[in-house]
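Reading through the structure tokens given below for one structure.
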Amino acid sequence: MKITMPRWFYQLASPKWCYDILGMLSPWLGLAALILLSVGVVWGLVFAPPDYQQGNSYRIIYIHVPSAILAQSCFMLMAVAGAIGMIWKMKVAHIVAKSAAPIGASMTIIALSTGAIWGKPTWGAWWVWDARLTSMLILFFLYIGIIALYSAFENKASGDQAAAILSLVGIVNIPIIKYSVEWWNTLHQPASFTLTKKPAMPPEMWLPLLVMVLGYYCFFAFVLIGRTRIELLEREQKSGWVSAIINEAR
Amino acid sequence: MLSVLNLACERDNRMLFNQLNFSLAVGEILQIEGQNGSGKTSLLRILCGLATSFEGEIHWQDLNVQDKLSTYLASILYVGHHPGIKSSLTAEENLRWMQQLHPHLNKGSISEALQKVGLYGYEDVPCYALSAGQQRRVGLARLYLSNHPLWILDEPFTALDKRGVMEKEQLIVEHATQGGCVILTTHHDFELPDQRLRKINLDQ
Amino acid sequence: MNFLLATIRRELLLAFRNRSEIINPLAFFVIVIALFPLAVSPEASVLANIAPGILWVAALLATLLSLESLFKQDFEDGSLEQIMVSPQSLLLLSIGKVISHWLISGFLLALLSPLLGIMLFLPPIAIGALVSSLLLGTPTLSLIGAIGAGLTVGLRKGGMLISLLVLPLYMPVLIFGAGTVQAGVMGLPIGGYLAILGAMLVLSLMLAPFAIAAALRLSIRG
């Protein structure tokens, strides 16, 4: 099966081209992340109105929600990159997937710990088996599995493919996991108060949240690019263009 | 029948071989020589499609192997370091499974082949109860049953006694004279009556 | 099709020759179950409460442990290589291996489970739910687990890794499997639960063999 793709797609396969393009994008994304995150944090934590029920403690959603969204988007990205890497035998796609895994895992950790911190004033307990928190915990386990798989292979190409297969299996499973966990949750805790599912948030509350989410995406892209470029250099250390960069730096 | 163009293989950032070119005609036996770690096994694994990280092309009957992998696989017999013999199955059960893997390329009967390799009477003995040499002979029996045009054998003479070596040598030559091809790695010196034997040294 | 049947016949014959392969998961299942009365409480009311969960977790772990050896022998003795260099399909082999794995693990666990259910004071009306949920759920566990086994078969230390890879993927089956038994205990209809377990089985039956075959291919190529 051969699917023809536009020219830029094939250029992505060239490590040097990717390295250069990503290097050009990186400072802009970093700058955007810095601006969006500063604006979002100040707006969300200082100027947004307090919640009528939870008071000020709800403000942690400005950290919690974006990291939860990113954790899921990152897994999606890994699965798509893994599929591209498998179908078109594109090394760069595998490198992107590999670089994304620890960032995604960190996002789940942030989401879980902010969820726990938020849980204390809301439910009076550090941990509650809430549907969303439980799904996030399972997502964290999936990330751990993928990272462990990468490191278990001595041959990097095999590790890439193994992780790509696992992330594809994972992405098929994630909706099933979410659905099962939600169902399980309603069975055991009928009509519980769930995090993040707020009916009709006023714009003064969700606008800073939107800014934070965008900021997180930029930050994610910025870190991902940095990691990808380092991994590219490491994998391509024997090729001419890497030596040229090293000589230039000297 | 088989031609190899500009084959190169790199493993763990080390070039095993480069610019390898050879072709094999009907009735030829190719012996691959080289020190340990020179890439003999890697080359054999590439030639039978088990390894895919290489550059260059392999053609079988003028078709690129990678485009027609299944037809190519249907014509080769590969016996590696681990021949795929289950120790808890008997010689006969093992051989029957191997026939099922290649349903169209069998000749002769299993009991005849076992008789030829001197395992007559051991049909019902599980392989773990056979000696190491006898276990190798199960692998030898497999060659008697094979009608594959191309044999790829990795170190076929290890752990065989003198008689076993002679029989296997004979079988290989016979296969070549009947229009087959053989590629093998061995340190063993072949005594061949005619010019069928060709050698490649991976150290050079 | 012939090859599929031949694979199943061969696998069952091999399992029959190494009978410990069949007995070990069953023994593990029984022993793990026996840990709970000792660790929690032997009281009927307590045990009956947690029995659905325990039975399912123990069955899941028994399946998981038996998976490590699913491809190990074939990988080490060269059988997998021989299939790769043959014109036979790795996909059919994967399906055949999983079917035979299920027959000697999940299927037997399901047959054994009523006995353990009684030992844990599971109400008799829930026994049917227990057996049927295990019969429908464990094949999915074998299918998903075989992906993990295929991915790790070439690694020297694969055992722990399989659990890390596979356990998170097992959670939906666990939730609905234990849920079925729980519903059985409460005398609720279990048809809907079984339908969901069946749907998961169909989905994994359609997709998992491709992943298993791809995993094996990459493990053999090394």
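Should a chain be cited, it is by its letter among A, B and C, assigned in written order, with residues numbered from 1 in that chain.
As a convention for this text, a contact is a pair of C-beta atoms (placed from the backbone, for glycine too) under 8 Å apart; a residue touches a chain by one contact, two chains touch by 3 or more.
Predicted model only: the values in this text are computed from it and were never measured.
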item: Middle chain, criterion being Cα centroid separation; value: C
item: Remotest chain, subunit A as reference, centres from CA atoms; value: B
item: Whole-Å separation of chain centres (CA-atom averages), subunit A against subunit C; value: 32
item: Subunit B and subunit C, separation of their C-alpha mean positions in angstrom; value: 37
item: CA centroid of subunit A to CA centroid of subunit B, Å; value: 49
item: Subunit B residues counted as touching two or more neighbouring chains; value: 53
item: Residue list for subunit C, restricted to those that touch at least two other chains; value: 221-222
item: Where subunit A touches two or more other chains at once, by residue number; value: 155
item: Subunit C residues touching subunit A - in the complex, by the definition given at the top; value: 144, 147, 151-152, 154-155, 157-158, 161, 164-165, 167-169, 171-172, 175-176, 179, 200, 203, 207-208, 211, 214-215, 218-219, 221-222
item: Touching residues on subunit A, where the partner in the complex is subunit C; value: 86, 138, 141-142, 144-145, 148-149, 152-153, 155, 158, 161-162, 165-166, 168-170, 172-173, 176-177, 179-181, 183-184, 187
item: Parts of subunit B lying in touch with subunit C, wherever the complex brings them together; value: 48-53, 70, 73-74, 76, 78, 80-89, 93, 97-98, 100-103, 126
item: Subunit C - residues contacting subunit B, complex; value: 2-3, 6, 10, 13-14, 17-18, 73, 76-88, 220-222
